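You will see chain A twice below: alongside chain B first, and alongside chain C after that.
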Partner chain A sequence: MSDRRRGDAPGLSTTVAHRSGFARLLRAEWTKFRTVRGWVLAMAAAALVTVLLGLLSASGSHTSCGGACPAVPVGPGGEAVEDKFYFVHRPLNGDGSITVRVTSMTGQIRLPDLTPTPTPGTRRVVSGLVPWAKAGVMIKESMKQGSTYAAVMVTGAHGVRMQHDFTQDVAGRPGGVSQRSPRWLRLTRSGEDLTGYESTDGRQWTRVGTAHLAGLPDAVQVGLFAASPGDLTVTPGDFGGSSAASRFAEATAVFDQVSLEGSVADGVWRPDDVGVTLDPDGSAHHPGGFKESGDTYTVAGVGDIAPLSDGPQIENTLTGLLTGLIVVIVVAVMFITTEYRRGLIRTTLLAGPRRGRTLVAKALAIGAVTFVTGLAAATAAVTLGKGILVANGNYVLPVAPFTELRVIAGTAALLAAAAVLALAVGTLFRRSVAAVITAIVLIVVPYILATASVLPAGAAQWLMRLTPAAGFAIQQSIPAYAHVLGNYTPSGGYYPLAPWAGLAVLCGYAVLALGLAVFQLRRRDA
Partner chain B sequence: MRATIEVAGLRKRFGQTMALDGMSFTVEPGQVTGFVGPNGAGKSTTMRVILGLDAADEGTALVGGRPYTGLRDPLRHVGALLDAAALQPSRTGRNHLLWLAHSQGLGARRVDEVIERVGLGPAAGRRAGGFSLGMRQRLGIAAALLGDPPVLMLDEPSNGLDPEGIVWMRGFLRALAAQGRAVLVSSHLMSELEDTADHLVVVGRGRVVADTSVAGLIAAASTGRVALRTTAPAEAMAALAHAGAAVAATGRDTLTVTGLAAEHVVAVLNRSAVPFSEVSAHRATLEEAYMELTRDAVEFRAAGQEAAR
Partner chain C sequence: MRRHLQAEWTKLRTVAGTGWLLLGLVALTVAVSVVAAAAVSCTSAGCAYDPAKISLFGVQVGQAMAAILAVLAISGEYSTGMIRTTLVAMPRRATVLAAKAAVVTGLTLAAGTVAVLASLLVGRRILLENGFTRGPGTLMLSLFEGPMLRAAFGSVLYLALIALLSLGIAAAVRDSATAIGVVLGLLYVLSILPFMIADPGWQKLLWQLSPMNAGLAIQATTHLSTLPLSPWAGLGVLALWSAAALLGGGLSLRLRDA
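This part shows the complex of A and B:
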């Protein structure tokens, strides 16, 4: 009989009738969402507040260098780097190698001046090496900061390492060097491949690693180097959180038994204080040094050869997200709890009696709406915010286009997953206030606790691993490097989980909650 | 699909209360079936079980031979009005119908058709939160008709309607049945169904008390009763009682006689010279018949008014 009267409803064309039931439910949920003006306006407000708060915080950030700020070198991978070290070098053409023996590595660290200074002009300097002080042999494309390189080195506390192109680090054997137990290092070039070796006696060699330097030209620089990053100390705060301080440090290494193979120009070593800054009077600020005495070479260096992790990052323009997230949570919860409040859930279940599919359609609808809203908001906040930061003289740490895309799309995905989680919690609780509070306690509160310097760093990191707030990791654009000492805490924007792993934790919570909600919805009488 | 509702042996317990206790009946197409019983008799629960909203502990409920939850595009098979107030107040009436239509693969044109059909007109473009109860009932009917279903189930559709609306609803339901649809209408007031229903399923305490045509029910309740109008009720009572009849006074000058056919009543009165102005076979009202049937089924007549579920 239903067929008898279908003729008078021309909307029932066969194409529509053949569309799957799930697509219809999805469309119905979208119609439901867009026909409540309050929800549409709230979503727009969430986007707007995310953008505006982000831009506001960006416009409050100024940097001035008294003139033009010095250009920050960029490594082969496109990341901002510190490329500051003392290099004693000569040209090498084509394949070849350098072999040295390191017989000593020492250093000094300058402590803060006492106030008041007992004798004017005295500096409190103690001897010591910072863990990532480094000295060894290097082959580098050119003297240009940021150019490709590979190096084998001994370090202050991390044994022998082979590093290349700033971000790459391979561990060799542990242990330091001394007169009694020197370390032999060798770096061999074959085309674009550089292989590092180490030895304790100069006869038995162990390969440390091989680096492929794409586009390495025929003519390169080969030599000895030394560098020492600042002495970073992280102090736990009295009320949670931590503060970091960095002190000037210098490393000095003694090399002998230097031998070169390959097409190396005869003549003298050329010392260069790469990346040294000059004081107003034209003298070098914290210069390194080089001393040659017979076959023994002493090289002292300051600085580091490593990616930069300090400075404004693109995700700093997304500080408004937290407020937008709370609005999204409220809308997503209301999307289901108003149905319970009005008894409309029964109508929904009459239209879609297979309850699991109906709730999944609802989750997908609110998730998609949130994703699109979040995508627009994050794109605007990052793009415009970056412009404001740069216009204010800030140097925003550059990232690869894919990373920027990941931060923007990931932020949208973070919002969407949070919306699904909130909807599921709303289904379980059936009451707006309880569900909103629960969703905020699950997602927003752990994030605030972890980043607002109220918890010890360890506790903050566990929160960012275990709670749905782990999803915020998708926003971290600059990775934490194991071979660069940094204050890698959530409050500094560094999360313990990798970006996608963090987002996966949040999505896992959302899926789990949705599964529970489906189970409950099926079990309960409506 | 054959337009029927078949309910067989439904049992459902809410805590200590047996809400449904072997509920069984069948709703046939082409007629309005009244589903009647006091509040708490299990009407709404039965309807929710048929529609897959509540799960029964035992028994089956089929629509056109299939469980509701197995229907594809269920609103094209069954239209239901359970609670006309179940609306998102800030959504317009038309948009309420639109999302329902989209869920069944129907378009906006069908929405406008049903809006016309129930006479909601331009009011459908207003927010549902501002609708009067009568407008909500019409919107609910429109929603039930959206999929042009062969089976309709309406829970207390006349609630809150003004007299004009009640008359409209009555005619509307009759017209839908005349098109061959199965129409099940619940009510706790028999008088509401008197002019609407062709068939009655009377329930009490979670089970069917009577399943009969309206005409049959009235005939059964009227059997053997004679109404008598007389200016001398005392003499009439004495004479008729003497002749073996049971007599009850129903008014100042009216009596109801049971156990004696009308022609015998006339003969006895003539013989005893008792004056009378009218003797007629008594026709019970549906209400009386219903009261008779549900007398045992009504629990807590005073206290149970709220236990509608």
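This part shows the complex of A and C:
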């Protein structure tokens, strides 16, 4: 017993000594950083330049609508949405269902104007459907834009789908509709649960999906709808980047065999052009339409029922980050290379002979300093920048508080990981210039090539997957939706990796480089 | 001046990094150009890409090597204390800077010519395979047609001007890490800033002021009318930047203690 205690005691005290030893190392590194005035000033400058450039770019962005801009509807999940379609509906109380047969879906698309235009005002309109043109049956809380809904639909090129609450999309069977192969659609309501079915003959039904619409009131609207998002073309910019343009497209669907079950008020179908844009003279711009002849209903619609992915986003206020990042890289590299130049490294390694721990302490110190600086800068840039954007009449796409927190804290983490990577590269090279260049070529240059050069989108996406620049994905606040066509390229602000996955790639590079640096520091003379 | 030139040439020649940097300039420029050329293809609907810009794409990365070469030519002396010996031996400081500029420019021009010619020749082959067509009235020009020749010649000049800009900044800043940070910030960050601002007026102004965007206008052979600056005016903007940097660096070298 007493032997065991005696045996334990030294081990215990060694652990305590190690721990306090590491705290001492950390403190020493913090003191080194704190007492070099140039580095402290540079860090402050990095924060300041990040904020100021962000605010400059925010103040360069103006929107005016000739009077008050129309309010952007917000979906049940809090995201900005487009809720614009033609809806032929009736009130439904309590449980019930709607069944229809879709016998035709056609449409028209406006093509880009020819340059030079043969005669002014010539429009090239061809018949056709955009991939996400949609028509089918819908149950919606109310006629208010952004209210909760679920719908089963036939689409232009993505077969049957069941969608609800703008962001949710479930695939049914592929294929389009025609006179010879019509599609039957059914939507059933039972309390707050809506279930979609499809069938090719009206007898054998397949379930597509079930949506739970929380808080769906007893009285809802049920009916037929049609909508078609604009035809999107993305063109590479003349001096780099890309620009997206969307032109008018319309979808027309023919329904018959319409049957309603449940407590549906008698009377007529009410047509509504939900969210239609009005011209200055008060007439509808690109109106939809509804025709009823016998048992056949023809519904034509323009617009989309989908989350908005286009417009100023909170991360647009973080444009100054690149400049701040370069300053951080320079400081982090000098944090180690100056020690080699001045010979201080020998004293450092004498005081902390376990080289790996010494370097880890250094990395922690520079990482923590950078994280705190980055957090302050990103918080200021995002909050102030958002204020400026809104004051300039812009509508900033709303995001959940957690997403905003992720963008801000993620930006700070991105800077901190870059600092650790730069420090590790500095340790490997021991020379400032080579290390600064390497760190910048690893982190900053791929980002610039991917977002602002003439590089095609595919190559740009690979750069944002494989290089440490993948970390920038943490800044993307609006996700890319598979059921909405968009300019989902790095130059459009959409990255191929998920936010945390992107940051993980950068952190992986930082850890790998730090590991190599520890290995080299142990092996080589100082 | 001849003695100065000889001294600077000897110094730069005998430093281990110079050869590697020049080799790096050529290799990086050609490699990145090849990757860019391989990544684009033309559809039957037409070519959205400028063949000259694509096959000289690597210049955007290779320029970093020219910048390091120039920065090290002067800040290397400050970090080792060699600068004091240099200034004792050659007390006319402006002439020392001029000699450094001449030697660095000469080396960059030589390596740049090799890099640009190789990129164009290899890039052209790849682009032709990727659907760019040869013949009258098409985008694909031969190497000796006016705009292509201008893009090639201008890109070599561009690299030399980047080296001079870096030399001037390094003479003013002295510390190598800071100098390289400033140079790369000036080049890369300023180049991306116009894309982050929505206002078209600001966008155009920032584009015209950015040394990299304006300078690389010299590589454009298509859509010339949509460029905010004509090719030669763009290279002129970069030349102004370089002149200002050299002037600042020269004054700092004259007025401050070494």
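Just so it is clear, the second predicted complex is superposed on the first by the 485 of 526 C-alpha atoms of A that agree within 3 Å, B and C clash if a C-alpha of one lies under 4 Å from a C-alpha of the other, contacts with A are read in each partner's own complex, and residues count from 1 in each chain.
Just so it is clear, a residue touches a chain if its C-beta (ideal position, glycine included) is under 8 Å from a C-beta of that chain, and two chains touch if they have at least 3 such contacts.
These numbers were taken from a predicted model, which means no experiment stands behind them.
J.: Quick one: is A:Gly343 in contact with chain B, with chain C, with both, or with neither? Answer first, second, both or neither.
T.: first
J.: So, does A:Asp525 touch the first partner chain B, the second partner chain C, both, or neither?
T.: First partner only, chain B.
J.: Between chain B (first) and chain C (second), which does A:Thr31 come into contact with in this model arrangement: first, second, both, or neither?
T.: first
J.: Return first, second, both or neither, reflecting whether A:Val441 touches chain B, chain C, both chains, or no partner chain.
T.: After superposition on chain A, A:Val441 lies in contact with chain C alone.
J.: Give one of first, second, both or neither to describe whether A:Val330 is in contact with chain B, with chain C, with both, or with none.
T.: In the superposition, A:Val330 contacts chain C only.
J.: Once the shared chain is lined up, is A:Ser57 touching chain B (first), chain C (second), both, or neither of them?
T.: It touches chain C, and chain B stays clear.
J.: Does chain B (first) or chain C (second) touch A:Arg354, or do both, or does neither?
T.: Only chain B is touched by A:Arg354; chain C is not.
J.: Residues of chain A touching chain B in their complex?
T.: Per the stated touch rule, the residues are 1-2, 5-6, 8-12, 16-17, 19, 21, 24-25, 27-29, 31-32, 35-38, 338-339, 342-344, 346-347, 349-354, 525-526.
J.: Where on chain C does chain A make contact in their complex?
T.: Where chain C meets chain A, its residues are 35-36, 39-40, 48-50, 53-54, 57, 60-61, 64, 68, 71-72, 75, 79, 175-178, 180-181, 184-185, 188-189, 191-193, 195-199, 202-203, 207, 213, 217, 220, 223, 226-228.
J.: Which part of chain B faces chain A closely enough to touch in the complex?
T.: 1, 3, 29, 48, 51-55, 68-69, 71-77, 80, 82-83, 85-92, 95-96, 98-110, 113, 143, 147-150, 179-181
J.: With touch defined as at the start, can you tell me which chain A residues reach chain C in the complex?
T.: 53, 56-57, 60-62, 235-236, 238-241, 312, 316, 319, 322-323, 326-327, 329-330, 333-334, 337, 341, 431-437, 440-441, 444-445, 448-449, 451-456, 458-459, 491
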